[in-house]
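Please read through the structure below; I'll follow up with questions.
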Amino acid sequence: MRSTNGLVLAAALSLALTGCGGGTDAGGGGAAPLTLPGVDEYLNAPCPEVGTKPATDKEFTYWSMWTADEPQGKVLGKAIKCFTEKTGVKVNVQWLGRKLLTQNVAPALNTDTVPDLFDQDISQVKAAIVAPGGTQPVDDVLDYKIGEGDKTVRDVLPKSSYDIPQNKDANGKIFEIPYELLGNAWWYDKAKIKDFKAPATMADLFALFDKAKSDGMAAVSQDGDINFYNAYFFTQIAVRYLGAGGLEKAALDKSGAAWTSDPGLLKSAELVEKLAKGGYFIDGWDAAKFPQIQQRWADGDAAYLFVGSWGPSETREYLSKQGGDKGIEYASFQFPQPEGATHKVVEQLPIGFAVTAKAKHPEAAKAFIAYMLNKDILSGIPAVADNLTPRADLPVPDSLKDVKAALEAPGVEHAIFMDALDGLAAGKWVDNVFYPLNNDLLKGKITAKQFIDGLAAKQAEFWKSTNS
Amino acid sequence: MTVTAPRVPKPTVPPRVAPRRPRPAPGSRGLSPLRLLGMAFVWLFTAFNILVLYWLLTATFKTPIEIFTKPFALPYQWFERGDPFRNIIYAWSNAGFGRAFLVTVVLVAVSSVAIVLVSAPAAYALTRLGVRGSNGLTNFIAIGMGIPFQTVVIPLFIGMAKLNLTNSLFGMFLVYVALSIPFTVFLLTGFFRSLPDELEEAASIDGASPLRTFFSIMLPLARGGLITALILNAIGLWNETLLALVFLNENANFTLARALFSFYGAASYQSEYGGLIAGVAIVVLPMLVLYVLLARRIITGLTLGAGK
Amino acid sequence: MTAALGAHKAGRRRLFLPFFLPAVSLYVLFLLVPTVATVVLGFTSWAGAGDTPRFTGLANFGELLASDSFRFSFLNTLLYIVVGGVGTFLLAFLFTMVLRDMRGGKTVRAILFFPNIVAPVALGMFFGIVLIFRPNRQGLVNFVLESFGIDAVKFLAPENVTWVVTGCLIWASAGFYITILMAAVDRIPPYLYEDADIAGASPWQKFRNITLPLTWDVIGVAGVLWTIGAIKIFELVFVLAGPGTYSPPIQSWTLGVYVFDRSFGTAGSPEYGMACAAAVVMIALVSVLVVMLRRMMRRDSVQF
Amino acid sequence: MATVTYDSTTRYYAGNPQPAVDNLDLEVADGEFLVLVGPSGCGKSTTLRMLAGLEGVDGGAIRIGSRDVTNLPPKDRDIAMVFQNYALYPHMTVAENIGFHLKISKMAKSEREERIKEAAELLDLTPYLDRKPAKLSGGQRQRVAMGRAIVRRPQVFCMDEPLSNLDAKLRVQTRTQIASLQRRLGVTTIYVTHDQVEAMTMGDRVAVLKDGVLQQCDTPVGLFGRPANLFVAGFIGSPAMNLIPSTVIGESATVGGRPIPLTRAQRAELTSDKVVVGVRPEGWTIVAEGIDATVDVVEELGSDQYLYCSATTPQIDPTDSPDAPHAITVRTPGMSPWRPGEKLALAPHPGAVHLFDAVTGERLPD
């Protein structure tokens, strides 16, 4: 579960710089701009109409995962201002930051002072709040109007962003309506990698890496101190063999036998082993202190970097703080389809609003959710916060175009980051079973076979002793 | 037996100058290998500490590149750009350390004073009122020192939340005061125990009421101990992170240590090493100044408490 | 006269409750009652997010025992207490041997004490930056190593980080214990050392025959202080062994990290019941260690 | 055994331009018991500690026998020291304390035990060998400290006020014990004390120090009978010598109207016409006409009686302020019928006059 938190935090914080007017020394005039145009334009634009207005509620409380002066905070601030202006409903907002679920919302659920509305990525909300029964369904919001004529929420959101198992509570009801979407990808600098051709097979991918090595660069930068960054390689490949939700199912197998029964898992592990033992990772990645290693990618020490859609803004900010004059022409590609894998999968992570079960003003809160999806409000997410939204009809920042394209490619299966493994058993499954073995695999300390056998054995042991 | 002539005429010698440094005793001059090794180690260790301090101070004024490529050089890039305090300003305003600083100063000052105000009478009562079972009660309170905060934080949080005292500086204040009591009472019982009986007896013969004796005689006598307790608690609370992390959720209420903890994440995503180190410096330096001014008292106070 | 004094005594006794009650009630209310509550909650399954604690007997403890993360937490905590303690005290002893009659000893002591006034969070961050391994742009320590022609070390690699934390812990704590022990050493009459000088005792013999036996009581107290301090280790590990924002790999966890992770620090579901169970283990561990230490250190008191 | 020689030995302390011990020349014969005495801060302890090797020597040298020990560490000097506070190790038993030095010098256990036994018998400590110092009386502790010195069989004993922590009665007792023990063992001993009675009763010779300068070193009789200067005159003897300033007119000085003649040699030594006439309390005779005095206090000791009188004649006190109250001390036989308020006239006994140069303070030749 840790992972998603980090992703969101990463994305948001990294963007803070661009939103807040960039680095103090905006000398970094590279290929990519260091500040986003259109921030002021967005913030000063007139408020759109509210589609579905609350009938009775005159106020509601919103606890936010953002802080007031980061870009997303500014976008939400504008939404709140406009909502109050158009409906007269007062919004009591608390800007609490990313850890709000376990540090604020969950504890508050023990009392009667609860927020009506809060936000976070679906994995975390599900683990921390939905599991103990803290939310109410928001299916009805799908039919709320968003203030663009008769358009409803259902009309503008792709099903893949909300109608997924990971966004359902115990009764199969949806608990969250997304307004931001994270993706992940292999990043590279177009200016540095000449004659780049997107890899179609895993062999192509390794060829790219080998070429980088022969060019005198390290192939892959990887901040090895972050467990879930290390997990991406295996989960990305494996999920293409098993399909979305396949890994989660394997992990839930009490006997652990699921790991050995599907040959795709071993094949995935073998590919990771090849990556690990091929000497592709940059020296020192296994003694990393985030974000040192991704900075080395930005510095050009390595050719490729696999992280989420926050990668460009974080590294852009780093470069601007270094006072350098060379920016990066961001481009990205997805993992190629491994041999024999049948599922074309792309990973995503929706961030959205949820309503508490004990909410006193759910009606107003739900009206606000729908209003947030209004084009003129939601466009702040790409324009101000340099991030993706689930809506397909909004402009996309240049650096994220490849990711957006991958997410919306026809016929793809959408999986949650890490196939939501990080939320299993309150987060204990990854900590105790997966991360230790996966780290060893990635460091080349164990073979693919040992990894799979280890998972099977450890998992059996784990489920035997775990109560929840 | 001869008599030494007391008046041997001494040759006139130019006025002798006392040596700047008298010779050490011959035994101590023998440098055994162990001693030599020990000395070298002590100086190395000390030098390392000084280096660390130097690094922290200079890095506060450096750009990230300088921090990593020229760790020993004096800062110059920000100075060249005419913005020498850039890191501190960043931490102070952008990362909210300014507000946190104020909050921390007030919270720590008020809490430390309150801790001493509550603990001093208790320590006095336990040591000097001659009530039976005092020793047992002192131990009963001292045991509290052994309870790690982590173990009480959950019920405490739930309880405080029910009273609407979470995410409130007043609630934080209550928690700080209460959880510091065992150590402070333990420390102060040591001080009160070491005071002479005579003054109190004299005061009672003079007809001073017990309450008056406490306020006008015992408290002033124990002033050294009270100040030590004040300072030690101030340092402890200034640096306290875990409770602040759990009890304070609103930026406006953040203490410095709490703000630093949060800022750490943000700073790493934003590659804000300069601001981060400035933040560390903002947390460390006030205590360093306090320490330099009061080192002696802190150290004597500690030893008095520990010696008992 | 005696009557007056007697009345006075009674008057003083009346002072006891008003003086003692405020402190003790805060203490009981905020520390003892929550401790008892923690013990009770340790036997329940409770997420702590609006659900109700459910009594599950020893189930939590069974899970703790079987869980790798808890095993690492427990062993690491023990390691920090024992190895860190031994290291800190050995260092402190070495320093007392040397510092006792060293010129500038007071200044050195003040400098050595300095890390103790630094917030552990700040220490962790500081070491995180100082220990960075990055060819061509090393952290301070590797920079120094390389300038002496020594290969840079991957300090922050998971297999090293526990030892790095131990080292940092010793570095940061030594000053405190040196201060306490030196104060005890300063109370030893100097003529005992002079007599040993005449006997021709080496520094080690002086330490063994004078310093150690005559500071034994203080060492005992310091040992207890160390134990109750080291059992809480949390911030330093959390910040130094991991990225600082999420929990570090379980190999480096301590009981303090475990409790935090299971309650307020997790990005998954909170499990207050498990956290409380781990907290109960912490209390048990500290009690056992302190009792053991006291028994080990027991000896006739020495007056001089 | 060995002699001890101080050869122009000088010692400074940091931050003080005045030497603590100034150019000390002193020779102690083999087997001699030499007492260093003087007011506190006079440098007597420093002198002793330099010999023990606990203090550095900033000038000159110290020799034991023919060995120059100036730069030797204490353990190589073959000395033993008895400290004022005994320096007993509180955690060791009496036997361990006595044997500590032997253990450090790696002496075989059997021999060590033999020596401990021997010393304990000598000092009547055998029943206490297993006790810790805290369970011993002051006198016993003192003897343990002695025992620890004895077992080393050193060439020199250094004793730093070893009796000052004992009560008066025990001190008298132990004083003689130490003196006789020293004679029996024949070990050269340097003994520091501030108590002149100890000095006079124990020492073969006594060295008087003041401000780091040796004033006089002589036998007790010599010190008492021919004090070399005003300081020694006032310091040795209790109650102190009466020191009366006077002016030489012609061939004599005058005290209370009575002429005190000076010899030619004495006059030759004078640096001015001012002299100080010293008369010990027992040196007065009560006469019909002399210094008129009024008895203020009568101190009855039984065997003797001291009269503290006020007189018009000024007195000086060399150990203290130059012009002490005009009091004259007179010894009379015990149980004499003097009462406070009575008047009397005093004259010095002819053979009991000590003459000093008032300017230099030095004794005038006899």
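For reference, chains read A, B, C and D in written order, and residue numbers begin at 1 within each chain.
The rule is short, and it goes like this: contacts are C-beta pairs under 8 Å (C-beta built on N, C-alpha and C of every residue); 3 or more make two chains touch, one makes a residue touch a chain.
Just so we're on the same page, UniProt names per chain: A = Carbohydrate ABC transporter substrate-binding protein; C = Sugar ABC transporter permease; D = Sn-glycerol-3-phosphate ABC transporter ATP-binding protein UgpC.
All values derive from a computational prediction rather than experimental measurement.
Among all pairs of chains, B-C has the largest number of C-beta pairs in contact. With respect to chain B, maximal separation of chain centres occurs for D (centres as means of Cα atoms). Centroids built from CA atoms put chain B at 43 Å from chain A. Chain A and chain C have Cα centroids lying 38 Å from one another.
Averaging Cα coordinates per chain places chain A and chain D 92 Å apart. Each chain gets a centre from the mean of its Cα atoms; for chain B and chain D, those two points are 51 Å apart. Touching two or more other chains at once are residues 48, 129, 132, 134, 197, 243-245, 263-264 of chain C. Each of the following residues of chain B touches two or more other chains: 25, 27, 158, 245-246, 265, 268.
The set of chain A residues that touch two or more partner chains comprises 9, 103, 107, 110, 290.
Interfaces, counted as pairs of touching chains, are A-B, A-C, B-C, B-D, C-D. Listing the residues of chain C that touch chain D in their complex gives 189, 191-192, 194-201, 205, 209-210, 213-214, 300, 302-304. Interface residues of chain B facing chain C in the complex, by the touch rule stated above, are 25, 27-28, 32, 34-35, 38-39, 41-42, 45-46, 48-50, 52-53, 55-56, 67-69, 71, 118-119, 121-122, 124-126, 128-131, 137, 141, 144-156, 158-159, 174-175, 177-179, 181-182, 185, 204-205, 209-211, 214, 235, 238-242, 245-246, 256-257, 260-261, 264-265, 268, 273, 276-277, 280, 283-284, 287-288, 290-291, 295, 298-300, 302-303, 306-307. The part of chain A that touches chain B in the complex is made up of residues 9-10, 13-14, 16-17, 20, 24-25, 67, 94-97, 100, 103-104, 107-108, 110-111, 113, 290-291, 295, 310, 314, 317-318, 321-323.
Contact residues of chain B toward chain A in the complex are 63-65, 77, 81, 83, 86, 90, 94, 157-158, 161-162, 164, 166-167, 245-246, 249-251, 262, 265-266, 268-272, 274.
Taken in their complex, chain D has these residues touching chain C: 52-54, 73-76, 79-81, 83-85, 87, 89-91, 100-101, 104-105, 132, 134, 148.
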